[in-house]
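Labels run A, B, C and D following the written order; every chain starts at residue 1.
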Amino acid sequence: MGIETENKEIEDSIRDEAKKLLSENQVDVVIGYSQGTVPLSSTMVIIRKEEDVDKLVWNNLCYINLARYLAPLMPQLCDSEGKPLKIGIVAKGCVGRAINMLAVEKQINLENIKMIGINCNGNVNRSKIDLEIGEKEILDVSISGDDIIVKGKDWEKKFPYDQYINELCKICQVKSPSATGETCVGECQEIESIHDEFADIDDFEAKSTEEKWEDIKNSLEVCTLCYSCRQACPVCYCNLCFVDQNLPIWFGKTTNYTDIFTFHLIRATHIAGRCVACGACSSVCPVGIDLNIITRKLEKIVKERFDFTSGLNAETLPPMMDFKMEDEEEFMLEED
Amino acid sequence: MTETVLEKKVDEKWEPKIIAFLCNWCSYAGADLAGVSRIQYPPNIRIVRVPCSGRVNPYFIIKSLTDGWDGVVVSGCHPGDCHYISGNLVARRRFAILKELLEFFGIEPGRVNFMWASAAEGERFAVLIRKATKIVKELGPNTKFQKEW
Amino acid sequence: MEQKILKKDEIGKLYKEFESEYNFYAPISQKGNIVFEKIENPEDIVLDYLNSKIPPKSVLFPQMEVLFEYTLDEKDVEITDRQDLDQKILIFGIRPCDAYSFELMANFFSFHGNWEDEIYLKKKENTTLIGIGCNNPRTTCFCTSVGGNPFNKENMDVFLTDLGETYLVEGISEKGKEIVNKLSWLSDAADKDVKKSQELATQAEESIVTKMDTDKIVSNLETSFEHPVWEEISESCIGCGSCAYLCPTCTCFDVIDETDQYNNRGRRIRIWDTCQSCLYTLETSGHNPRNTKIQRCRNRIMHKFSYYPTNYDLLGCVGCGRCISVCPANNDLRTILDKIEKIEKEEDEKIVA
Amino acid sequence: MPNPYIPYLTRVKSIVGENKANDIKTIELEFKKEEEYKKFDYIPGQFAEISMIGKGECPIGIASSPTEEGTIKFTIKRMGTVTSAFHGSEVGDIIGVRGPCGNGWPVEDMKGKNIVVIGGGFAFSTLRSLVLYLLDEKHRKDYGDITVIYGNRDPGEVLYTDVLDEWKKRDDIKVVLTIDREAEGWTEEVGFVAPIVKKVGPKSDNGVAVVCGPPIMIKTTIAVMEELNWGPEQILNSLEARMKCGIGKCGRCNIGNKFICTDGPVFSLAELKELPDEY
């Protein structure tokens, strides 16, 4: 079965479920993806009426993690008295994980949320395609069979789908939301734990300290500190981010590399054990920085140390909110 | 702080400057004990007393490094001995992640050292500080992470 | 007419002519992003780019800029002013929309209130622009709707047209004509070259598909501050700063003191800021005049398409389309403006009915 | 024109705690260079960007009147990084001053009119400047009756008790002080500002009212003023906002197409009604 047909099926199921939820008044609004206005993009849409469900699409470019719009809740998703509406949300696996995570952290009330679960088939790696096309304008991107067809003014290029999806999608093991019962309709599954291999970052870890520094520097250097990564991140919902704190001022916000570096380093510590590996941060970066390697490393740390994968259920505390007496402490300085 | 930690003349006389965050109840008392017992340890550390190792935010550590300190030591009570019952256990997870991340980002892991030292362990405190100083000294000055002027 | 021909392999030679006198900035590709940087090797220059990722405003108004430096003594402070403002700057390969943005920025920095931003204006004065026509405007471009043109030569000193194998060189301003005259090794342009450049210009203009009625938008905005359309417009916004940072006419900045406390010195710097951040207007008392995303999104659009026209009788947008192509949430400016244009119409119709 | 971001350097001449809670202090500054003081030509109601070099800069209303020659004064409440630094400063410390910024009270247009000054709490600083200016012997004859109504939470919060005492002794100014709740030893009015204004009942003919204070006080007072037949163009307000540059460049203090720092901070109520409600 080609990706194209898969997409059609997913799209149809989204529309059917959304229609059903809205017509049965199970939800007041449905948050989903709709067709983007520029190639290689999609946008978020709030569906309020049954007849609008055809605006919902699924096209492998749905890279924004919709859970981002749940916390803090926008006024658009509240009624006139400021109470949260009942929200249906199109949930691929990582959106489901983010929703579980937000529920654990008491940012959202699962009673108000209804996930429309889908079996996600991955997202196109926008920056990789952009980079390979270079300075030619992309006019249209479509999926045909198992290929991504990128068209320009007088050229056309094919990319094999399985190679040009996000690195995180390639190894994703939670393709549909891990939820049960009332919170989810459509494709859902109950996952207790996943078996994750981290071959993808072993190579990087094998490098020398100096090489790592250079590699990270090389990729982060172009950062413009627009904070898109933070804003797109479903678990970065702090009212006041640490870089914005000014009593005292901890870290600078300048383009000095130390400031860029500390921003990404500290953000990584903050999302450790909470990151849901959706890859939104990398997908939205306007200068195409690949942050996935950092998020994968975080996943590896929490998996290996604490045997934890974020967002598989809405009960287990993430490792940084918890502790055990018998945690490993091999890194502590000891007498010889 | 009027000391010039930023200026780095690297020669054989170079000595690292290390900032040490010591918990009030164990390690600070341990350092004190080392002092009153006249146990020698390198004079490279500058102590900041904190209520608990759980108080040590990763910001402190990273800020110290960007400010140009060559090394950071964080010391608290042994697991199970925390004055606040579990502060050091929470801190331990934090340190574990921070240490791995620093290494992953290409900061020499030896720059940041975590240790436990109780109020009765003056000797252990001195030994570990000696060890930490040696590690940092071998790494040389912290130049790449420090904010440039 | 003073039209000359520059061969594509002579860019290096051209660079050599200017290198000693000017700080020579030109577009280069930095990890796949086109940015204007000071050139060290002319082979890096990329001229057939679509639109630079970071606008060339970064040359005259860099993301981080020193306002002044200071040294702190026990009881005294010494302030050192910027010394480098007299350096001559040459921006090579700039597009007409971006060149126009310099005019808008200079206008803003000199106009409002009694104060002029000397740092920007002085730099602008010392800047020479060698621009290049935009043969292939993107589908997101809409410069023709905001008073621009892909071959607008007005704000340039020297204007190049990519003829395929060669560049047609024209001196536009007095300064530019002088420069072209000095480059005596350039060959004269033939009539067919000039003709071709005109054809390219027409072609480019015609290829712009996005058209909007900005007059209507401006007049609609005047009355629609409270309109519910803003709720819809701000829905998908995630509140990052990409649109503002990559906008060639966004001028807002934050001022920060950076102190090297170990050496008693420091600098007061300004860095780009964005009105999409909730901290932008947050007062110390905790009061925030623009607390919601709706207000912040509205401010951005109103600023460009209503406040700016009211204050200066100019649009605050050059139609480069960067914010459209770069928005992570695809909150398309064209759609936004379209909504503003349309909803009013519906109401008008209601009134007529 | 020189770099507009470079402040004049001044030295702290005196620093005085103004209230019981000691979170409001008045700092008196003396310019290092006399010619810079001459250039710093201000009218009441204007503000300046003052900075603790190395800590940051913030906009503060000028509390002294141009008629008090030699120094300038700022009354600062301790709120954030920069204001805390000011509170920690000592006599002789260097403070940078940029300005004067903003339009200030329209003292020229106010000539020949009866003036009502209504202030609440900490917002009295530029009103102090205004009243001192009006009372100066050079200017007093240009203006009609002057009434000052000044409200506070409790007696310990009343600022500028020294000048208030002097004003009370004069017969060409009416001073009404009030506190929210009764307190021991307080002999003046008790009650919120709005009802006191109603009680005093200033006449709107040929009058200008200057209202400064917390938002709720402004709201209630304006309602009372409207009852007393005051027109919106007769009521003047001074706004505040987060500012970085103070000279209309950094962009953040706009309300609609106006910048508070250059078009304001003084707006008449009539002007404010024209502007969007974003302040």
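Everything below uses one rule, namely that a residue touches a chain if its C-beta (ideal position, glycine included) is under 8 Å from a C-beta of that chain, and two chains touch if they have at least 3 such contacts.
It should be emphasised that the depicted structure is a prediction, and the values quoted were computed from it without experimental measurement.
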State which chain is most central when centres are taken as means of Cα atoms.
C
Contact-pair count is greater, between A-D and A-C, for A-C
Compared with chain A, which chain's mean CA position is the farthest off?
D
Chain B and chain C have mean C-alpha positions lying a whole-number Å distance apart equal to 48
Chain A to chain C, mean C-alpha position gap in Å, rounds to 32
Whole-angstrom distance, CA centroid of chain A to CA centroid of chain D, is 50
Shared-interface residues of chain B (touching two or more other chains) are none
Name the residues of chain C that each touch 2 or more other chains.
254, 256, 261
Pull out every residue in chain A that's touching 2 or more other chains.
249, 252, 256
Per the touch rule above, chain A residues touching chain D in the complex are 246-249
Over in the complex, which chain D residues touch chain C? Could you list them?
1-7, 9, 51, 53-57, 79-80, 83, 92-94, 96, 215, 240-242, 244-245, 247-257, 259, 261-263, 276, 278-279
With touch defined as at the start, can you tell me which chain C residues reach chain D in the complex?
67-68, 70, 72, 75-77, 79, 81-82, 108-109, 112-119, 225, 251-257, 259, 261, 266, 268, 270, 273, 275, 280-285, 287, 289-290, 295, 299, 302-303, 306-308, 310-311
Help me check something: in the complex, which residues belonging to chain B touch chain A?
58-59, 62-63, 66, 73, 79-80, 86, 89-90, 92-109, 113-116, 124, 127-128, 131-132, 144-148
Any idea which chain A residues touch chain B in the complex?
204-205, 209-217, 242, 250-252, 256-259, 261-262, 265-266, 268-269, 272-273, 294, 297-298, 301-302, 305-306, 319-320, 322-325, 327-329, 331-336
